[in-house]
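First chain written, first letter: the chains are A, B, C and D, and each begins at residue 1.
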């Protein structure tokens, strides 16, 4: 039996915030948690010198915390106002709902579904959207409804409208593009701002756009990479969450790069999704603060 | 001109502590710093579930801090007592004094001296002790006094006594064994407990003891490593600070492993020394908490 | 559509050999291939200085080769005899038949089945043997017969006899232990000498035996690993095929090591199996020569 | 004493060639070596499918070889002509002569000088050229003549002419730009085609040009790199020899990237220089075949 299952999942609250740096923020937040009998489990902070911005992620046990969880945000509000924070409160007890978008390659889809089945992601996946039939039997095996959208350039706007309707209907929190070979429209992207995670099969910013393994082969690089990032309106330019690389040689054909790259893609995407689900990422301009 | 020189070094205080985990520690410490007008620059904590131990490293700017630096420890004492902490206070303004011990291989010695000259380590190196002449001209070039001890098994106890005298005389804070091929006696080790850093040329705990590259070659491993650790009385068993690895193949002879390993050794040792000098390591039983 | 599918698979012959090093071996072999109109695609050799042994892997296109493939071995025999070679001839057209053994963890099993379905391994998997029910629905989804053996210490000998019968019946070429938590008997191992691949969840030779992640956590290492090796009678001592590592910190619990390790295990095992299936490994004493 | 010194250096010949792929090349070359009593030590080949080009590096022991070394090229010529080869013959007994160019950063310079002193590179370094005084005392310590060229935009052409004169005078085989912050003119580059190795402090093709660490910090990448390549007329576009990477986080300032990058730069440059000196690189269009 998987040994990690032995670790009981505690119910926790997670506060993520940023504000202009000033003295007393940590003291005030930690006093707030202490005053209501919360026990801090993790606390991580970052100070960006250029913009003088303070970032914090703090997680505490709710077992003895004397504020009911639905009232914590309201109780914290005055502190947030005092320091003019951008902030959000997350509860570990809420399982995120994910929609996976996929095209012909299925390795990232399999990876996410298997990890979720093993309990590693702790999410619900009520929806897979594909523009190719490949994923259909996989979705069926994992008991996830599959929706096929054969998107043409003409029908794209209308298809996205129907996809958005499905996402709303299913109360989707996060969209994961698991090697989805279709560029999303601006309206779609803005509705899920900082909530669409893509995997690009290159070490960004090298080899933006189509066929990055062909580009890498043609340039003669000795290392290839994969990059997971939040999707923005500009192609492959969103905030980077996670990257990894693999060594190649002159012997590797484009086909070999594709095979080696698949290993990178599925691991990098999985790590990015897990970081997002664990509420460890703060987006800041076009960059991320990742509290891992 | 080196660009990092542009970053002004602030004067900071660093508090390192561990104690039994309980509520209110972070609140109390951050309030202490806030109350005297300190600005927290970094704060990192760790909770060990098995032993219910809490660890913390917190660093704050002394520019506006209203307690003079020589009185901070006394002012903090009551909090330390209240929570029964093991703790120490470090000041970034104090430059550590390092003694380097070396035998025939000089790559780690060069690495430390060059990094210190470039300002990367921010330490003083008043002393190099060698059991081989190799290092003498290097020491001279870097203007560091060199002491040769041709240690025989018979004369070992007496040599160590003289070495300890040199260390005391030079007010040495940290001893770095930069590929020093001589086992130190228990008395020596206990006087510099958690203040002797060694580099072992294997991925510990694999290949303890002599000739680890020969052992690795004979076992047919596909990856070699290097390990930097604090020295304890038991050979190669002290708390591990840092490790790294390199890929090898069947083509690599023992000589090739030695060459590839040299790159690992000097980088791993340098990183471990830098972590120690930046007061980022807490020793805990036979393990380290490294706040990097 | 997967881009690598575009690469046509050529039919090739692969010669793997070792012998005492002497002049003229390469000349004679390459002349043999040339004389019968073969075109060499890959040729790799290695010379072990300690034992004065020569190793070679040479692969050539059979399209225009004038010896029919079932007669190549006989035609090459005189050269093999002349140099007293250990050798074997493999044909790329023959698909290997694999049996996978598995216990409760299913990540390595999934990885192998998915890779084979995508055409990456080019093998047949007619058989999965488990000592736990977990794998049964996975086997069914991938259309592979599953055999459950709840092995007790008493019934072990008899169970292995029945397993061996199944392997023979299914003309199995390679046994893959995909996190199979049962030690195989000597008879079993000797019948499949150099044809049983195991994944051990540590960086061997560190942490041999049970619960290596617990051992790693307890020792306080900063890097964990996984090792794929051929199984011999001595536990975790067989020739190493492939290893890889991942960085950890003091924050990682044993549960975290298990999760991080799963990523290593499935990749390292897959690479080892692929190297074996591509006939790129020569076992030599307790080591491997891997022509990749 | 360094253990690798124990390995006696054999005198060998190394043949590097490329030609249109056809049957019989390996047979003919290996027969040539065998016929004159040479013993092949290493043989590596590569076939590029796109251009149908064959590449080979073959090294043999000259101890019993019956053609005197100064006549080998002439003896091989007919085979080269028959297959219309691009080829060159190198002798391990000839020590390459290197000129190092350097600006303010000295870590790559130190690395090359130390490695050469330890016997690792087996080269002669008769010349260091700098556009900054930093390197002067280092050159003096390693007994290498140092030439200072404070190059202005106006005087650049004239300075390069004098530098070229120095290179010719010193019979320089290889120019290494060890963080030399000055773009070389086309005339210079074309005279040392495929014989100028640069280290660029990014993972090319990402972050071409000036201040790549600032670019990397601004883009928010999670991994930085360094790239060693042959210099061509187009900035940072030459054939890549070697690359490596290091992981960074949001905590790393530009100054931290510079420090972490220095470790990469000196190792990547050293590996590239060693591969060149060991005659393991074939340049092919804008790519390299690296036989390592």
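The definition used in the following text is that contacts are C-beta pairs under 8 Å (C-beta built on N, C-alpha and C of every residue); 3 or more make two chains touch, one makes a residue touch a chain.
This one's a predicted model, so the numbers in the text were calculated from it and none came from an experiment.
Visitor: Taking each chain's centre as the mean of its C-alpha atoms, which one ends up farthest from the centre of chain B?
Guide: Max centre-to-centre separation from chain B belongs to C.
Visitor: Do chain B and chain C face each other with the same patch, meaning over half of the contact numbers show up on both, or with different patches?
Guide: same
Visitor: Please work out which of A-D and B-D is bridged by more C-beta pairs in contact, and write that pair.
Guide: Of A-D and B-D, it is A-D that has more C-beta pairs in contact.
Visitor: Chain B to chain D: how many Å between their CA centres?
Guide: Measuring from centre to centre gives 36 Å for this pair.
Visitor: Could you work out how far the Cα centre of chain A sits from that of chain D, in whole Å?
Guide: The computed centroid separation for chain A versus chain D comes out at 42 Å.
Visitor: Can you pull out the residues of chain C that are in contact with at least two other chains?
Guide: 253
Visitor: Over in the complex, which chain C residues touch chain A? Could you list them?
Guide: 1-4, 6-7, 104-107, 110, 114, 118, 120, 141, 253-255, 258-259, 263, 267
Visitor: For a test of understanding, state which residues of chain B touch chain C in their complex under the given definition.
Guide: 46, 49, 203-207, 219-223, 225, 239-245, 249-251, 253, 286-290
Visitor: Can you check the complex and tell me which residues of chain C touch chain D?
Guide: Where chain C meets chain D, its residues are 21, 23-24, 26-27, 30-31, 33-35, 37-45, 47.
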